[in-house]
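Each of the two complexes below includes chain A, the first together with chain B, the second together with chain C.
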Partner chain A sequence: MQNNHHKEHLYKILVIGDLGVGKTSIIKRYVHHNFSPNYRATIGVDFALKVLNWDQETVRLQLWDIAGQERFGNMTRVYYREAMGAFIVFDVTRPASFEAVTKWKEDLDSKLTLANGKHVATVLLANKCDQGRDVLTNNGIKMEQFCQENGFVGWYETSAKENINIDEAANCLVKHIMASENDMLQSEVPDTVTPQLEKDKGGTCSSCFRSQ
Partner chain B sequence: MAGKDVETEATGNNQETVTHDPVATEPSLMSGTLESLSGLGEDGSSVGSDSEINGLTVRRTDKYGFLGGNQYSEGSEKEVRVDVARQREMKWLDMFKNWDKWIKHRFQKVKLRCRKGIPSSLRSTAWQLLSNSKELLEANKGKFEELEREQGEAKWLDIIEKDLHRQFPFHEMFASRGGHGQQDLYRILKAYTIYRPDEGYCQAQAPVAAVLLMHMPAEQAFWCLVQICEKYLPGYYSAGLEAIQLDGEIFFSLLRRTCPMAYRHLKKFKIDPILYMTEWFMCIFSRTLPWACVLRVWDMFFCEGVKIVFRVGLVLLKQVLGSVDKLRELQGMYETMERLRNISPDTIREDILVQEIITLPVTEALIERECSIQVRKWRESRGELTHQPGRRLHGTRPIYENKRRAALFYVWSSSACFFFFKPPSNPFCGSQTFTLSCYWNKPGGLHRPKEV
Partner chain C sequence: TTMKKSISVGASSPVNGRQDWDSKRRRKTAEISQALSVSPVDVAALRRMAISEGGLLTDEIRCQVWPRLLNVPPQVLDQEPVDRENNKDYNQVLLDVQRSLRRFPPGMPDEQREGLQEELIDIILRVLKRNPQLHYYQGYHDIVVTFLLVLGERLATALVEKLSTHHLRDFMDPTMDNTKHILNYLMPIIEKVNPEVHDFMQQAEVGTVFALSWLITWFGHVLSDFRHVVRLYDFFLACHPLMPIYFAAVIVLYREEEVLECECDMAMVHHLLSQIPQDLPYETLISRAGDLFVQFPPSELAKEAASHESMATSTFKDFELASTQQRPDSVLRRRRRQKQSALEGSAANSVVAVAQPSAARRFVRLAVMGLTVALGAAALAVVNTALEWAPKLDLFP
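Up next, the complex of A and B:
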């Protein structure tokens, strides 16, 4: 068989959320497999690249690490351009950072849509879960319901420090990006063959299964 | 009189435990710990785990106080000869004695000496004189303490606290949590939000304030920061960040003149200037260049103003994207961005960089002309600018002239019938030059009074 099927995908993924929630740490953990308490505050935007082998295909993820201070929100239109997916991050020990999640989601959806008019796949990350679960347990929020209501394709409790759930969350996001990419291709070229998606790739994300 | 030397300033900071500080009331600020040093080696630094003994980091700093990280200097820079250094110091001390006269009559010489590099022992005083922050402090004795006593707004303090341990984490002054450096940083950033409640705090102010703190005590650093935010880079840190975006457009347009090849490349891959120049400009390259270069750039910046920032940016782009060979490897947006975000310190030589900055034909007049073009375009495409910062002053000379005009106007107006024009007493006008100069600079406005 010819190697025609070896496709390369390049996806731009945004990492947004309030300042100090650990966006840079998550990216460093995911891309460089380490954690340090010495990261500098991000000013403007930073970048990192992660290459994944996905079935027989290569997936390149361009991760855009975007400054969390509200002030930089005026530049987000430029940062968001042509992104295919997003992580919105909050800090489980800081309720205010969770309250900002809907604001970030609205900002994202208002400035960015896919070619078919749909919103980009977004995964919610409850970071610093090694330090407690205050936000998740105290205010009685049903995260599944919150995700559904706010258009997240899934959510994960993560820890960049302890390396918890970061790969799983990324796999979940990639799976949804690929699915929406296929959606778009199908609507453009009706006779395109849909590549099969591996069901168990996404780990324990509740919503992933539902949307399949 | 001379500023604290970085080398001596930094010693012993590590082991210190601060027991009492009336300003920092948060528990996290009460004691210095070495927690943040334990992760050295991250960020591509050459620091190994053997630098830690019994939990205490004993690694030697470089001569600027860096323990590691990509701004650590290996000491390969050639030193200025001792006799030359001594001679320069004498010249600067001589200038300090008659500072105003030097600025008024021999400014070109001052500029030349800033371009040669200010002796490190005198840098603190020189920066304060060049920016006129020294006079501002003297005119506002006790003001800083007064600001410190105020409580401040929780929304700013919250953000500031989150940023304290994220400024130059590899510099020994800022490496230990709750150490002196971080405490002083908190003091001046907080004071600024009270001094300018309309401006609040912008994350990019922290590295700027940290560089100042590496050279001078908190009160001096505060007034120096005020001058940078109000005179040198007005609007850069304000809500909306319009000024920096506007400068991005100006910068891109200047690039078209100075390096068309780089311009075309960035245009081809739709790389908007704010993707790479935001950090460069807002932090005045303090997070981008090798440290020796940062200091040389700041020496010139304090003297000549934002022009230097534009020039450094243009020189860097020219260096990274200025030849066919270099562009061959950068066939894509990501590759280009990656290169621009991580300019290798080995490729930057201090003397060559400074030489190129000096010779680049980008003048204040050119920047101002381009600015009015870009303001017009902005209005056409995005509507009115919502934030109207004060007029940008291009370095020491305009700041000095502005100050003189304001002083003369004040004398003149208070002796004439302008009694309704009282000297400002609100906290926004640390110096009287602020509002008066705006009034004075109106075209067709008042006549210049005869000098007395």
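Up next, the complex of A and C:
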């Protein structure tokens, strides 16, 4: 497995957050490149597949769209299994959905740890940024600090509607997933050389930093 | 008599088929009017009509028959106004109703649709307010919108309230534990009919969450053609509350080849199964679901369903109890008679009273298996359900 060429990766990614924050819209935008204001509420879980060419490698992303209503929790948690990364989404126009972010993160971390005992890479998405950014500005929240304190590897203001920052956020997450995968391989086989993490892909990633 | 007619589905030319269907339709319409006009209304006949080929045919007929199937009086009182501001469910209901655009007819003017969406919110909040033991779930709005579009606000409120305290009761608990348990019936049904599909799904560890929205919305959430939705509602309103899970099993079984060709992987199988085909042969599948219900009634599956996941037996007892509320009137009458005779007679007499139903059930089952895909065979399921429950006299006060 020393040869990196034509290597395939399969990563399972969870998309979670309160109901109506735009989880389904983000996935549809990312996978199918379109947007509709008429997406129905997700009941249970949905699933979509996205294939990326990442340097010389193929990355297959399984995106699991998890229903936002709390009562589905004990049915949908089984789908957390074997996930390598997550997006936690909130709606910038609804402060309550941001307040729920820490709850989602704690729940995720309590249900899911990697083989090396670390938490999975998680990116925070401030969605519907085309409709204003009240939550971000009014409360004077320092997002970088919030992310560091709560263990997010990065955050993005996104709009599924206007296609803002969706690809960037996904690239950031994939980069961190790969890094943690290498991290785990390294701890198993101490001789393996660690690839450079900052081999940048897909433009700048200013708000994207390491979790350590 | 309806049974005999619907069994004779002969091959005929498209033109003849058309004429055939037109005359069948006329006959059925007349039979429904007849059942509605007698006093007391012949609910058992209406149930058969709702199940058999074509269901209740038109929304006009549904307005008259659906209330009868749920034993809701046709005269409904005026509804009290709704206080939205002080309602704990309002925000969530609003978010879901705003996202229910696809449930309205495509050509409907925005203004009319928006008016209906307001009514939809009011119905939901009103029922929840009056029944604090009920908890809103995402998908409930998909059920309510179907009733609203067919019946209008006032009747819809009454029927939804009845349905929520009966058929949908388990989905409206504080947690989804009972719903999870009901989903556990799916795999045992599939196993009885096609062990290969069952084993494949088990191996893929696909679970049953793909069928969650089917069950708790009675397929309203996933079928895009409103005619198909109301046809299924005819069927489910006339049947045992577990019938939607039999119908879910029938859909999986119908797609047997696709399933077995799928990569045996949780994600792939979940994805395949949760994308419901829109061109399903509904009448055939309804009939099959009825057949399966007769051959493998819930009581026979209960043990296997429970073994899929541990759960309190009391939960299931409650569910059985809830189910007894939905028996056809004739059964309730028969049960009362049986109870009477059990009380009056000696111990030997009551043994006979209890033994009779199971003998009759075997007879019914043989008859159904001989019918294969006879449209309308599912009507027998109702009769059989009744027999199935009959020995449990103590459940009925």
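The rule we apply is simple: the second predicted complex is superposed on the first by the 192 of 212 C-alpha atoms of A that agree within 3 Å, B and C clash if a C-alpha of one lies under 4 Å from a C-alpha of the other, contacts with A are read in each partner's own complex, and residues count from 1 in each chain.
Here is the rule we use: a contact is a pair of C-beta atoms (placed from the backbone, for glycine too) under 8 Å apart; a residue touches a chain by one contact, two chains touch by 3 or more.
Remember, it's a predicted structure, so these values are computed and weren't measured experimentally.
When both complexes are overlaid on chain A, chain B and chain C end up clashing with each other.
Contacts of A:F47 after superposition: both chain B and chain C are touched. With both structures placed on the common chain, the touch criterion links A:G20 to chain B and to chain C. Contacts of A:N34 after superposition on the shared chain: chain B is touched, whereas chain C is not. In the superposition on chain A, A:N163 makes contact with neither chain B nor chain C. Look at A:T76: by the touch rule set out above, it reaches chain C but stays clear of chain B. Residue overlap on chain A between the chain B contacts of one complex and the chain C contacts of the other covers 19-20, 37-41, 43-47, 49, 62, 67, 69, 71-72, 74-75, 78-79. Residues 19-20, 34-41, 43-47, 49, 62, 67, 69, 71-72, 74-75, 78-79, 81 of chain A touch chain B in their complex. Residues 92, 95-96, 99-102, 135, 137-139, 141, 174-177, 179-180, 207, 209-210, 212-213, 216-217, 221, 267, 270-271, 274 of chain C are the ones touching chain A in the complex. Residues 12, 19-20, 37-47, 49, 62, 67-69, 71-72, 74-76, 78-79 of chain A touch chain C in their complex.
Every residue of chain B that touches chain A in the complex is listed here, in rising order: 35-36, 38-40, 42-43, 69, 159, 162-163, 165-170, 202-204, 206-207, 237, 239-242, 245, 270, 272, 274-275, 278-279, 282-283, 287, 334, 337-338, 341.
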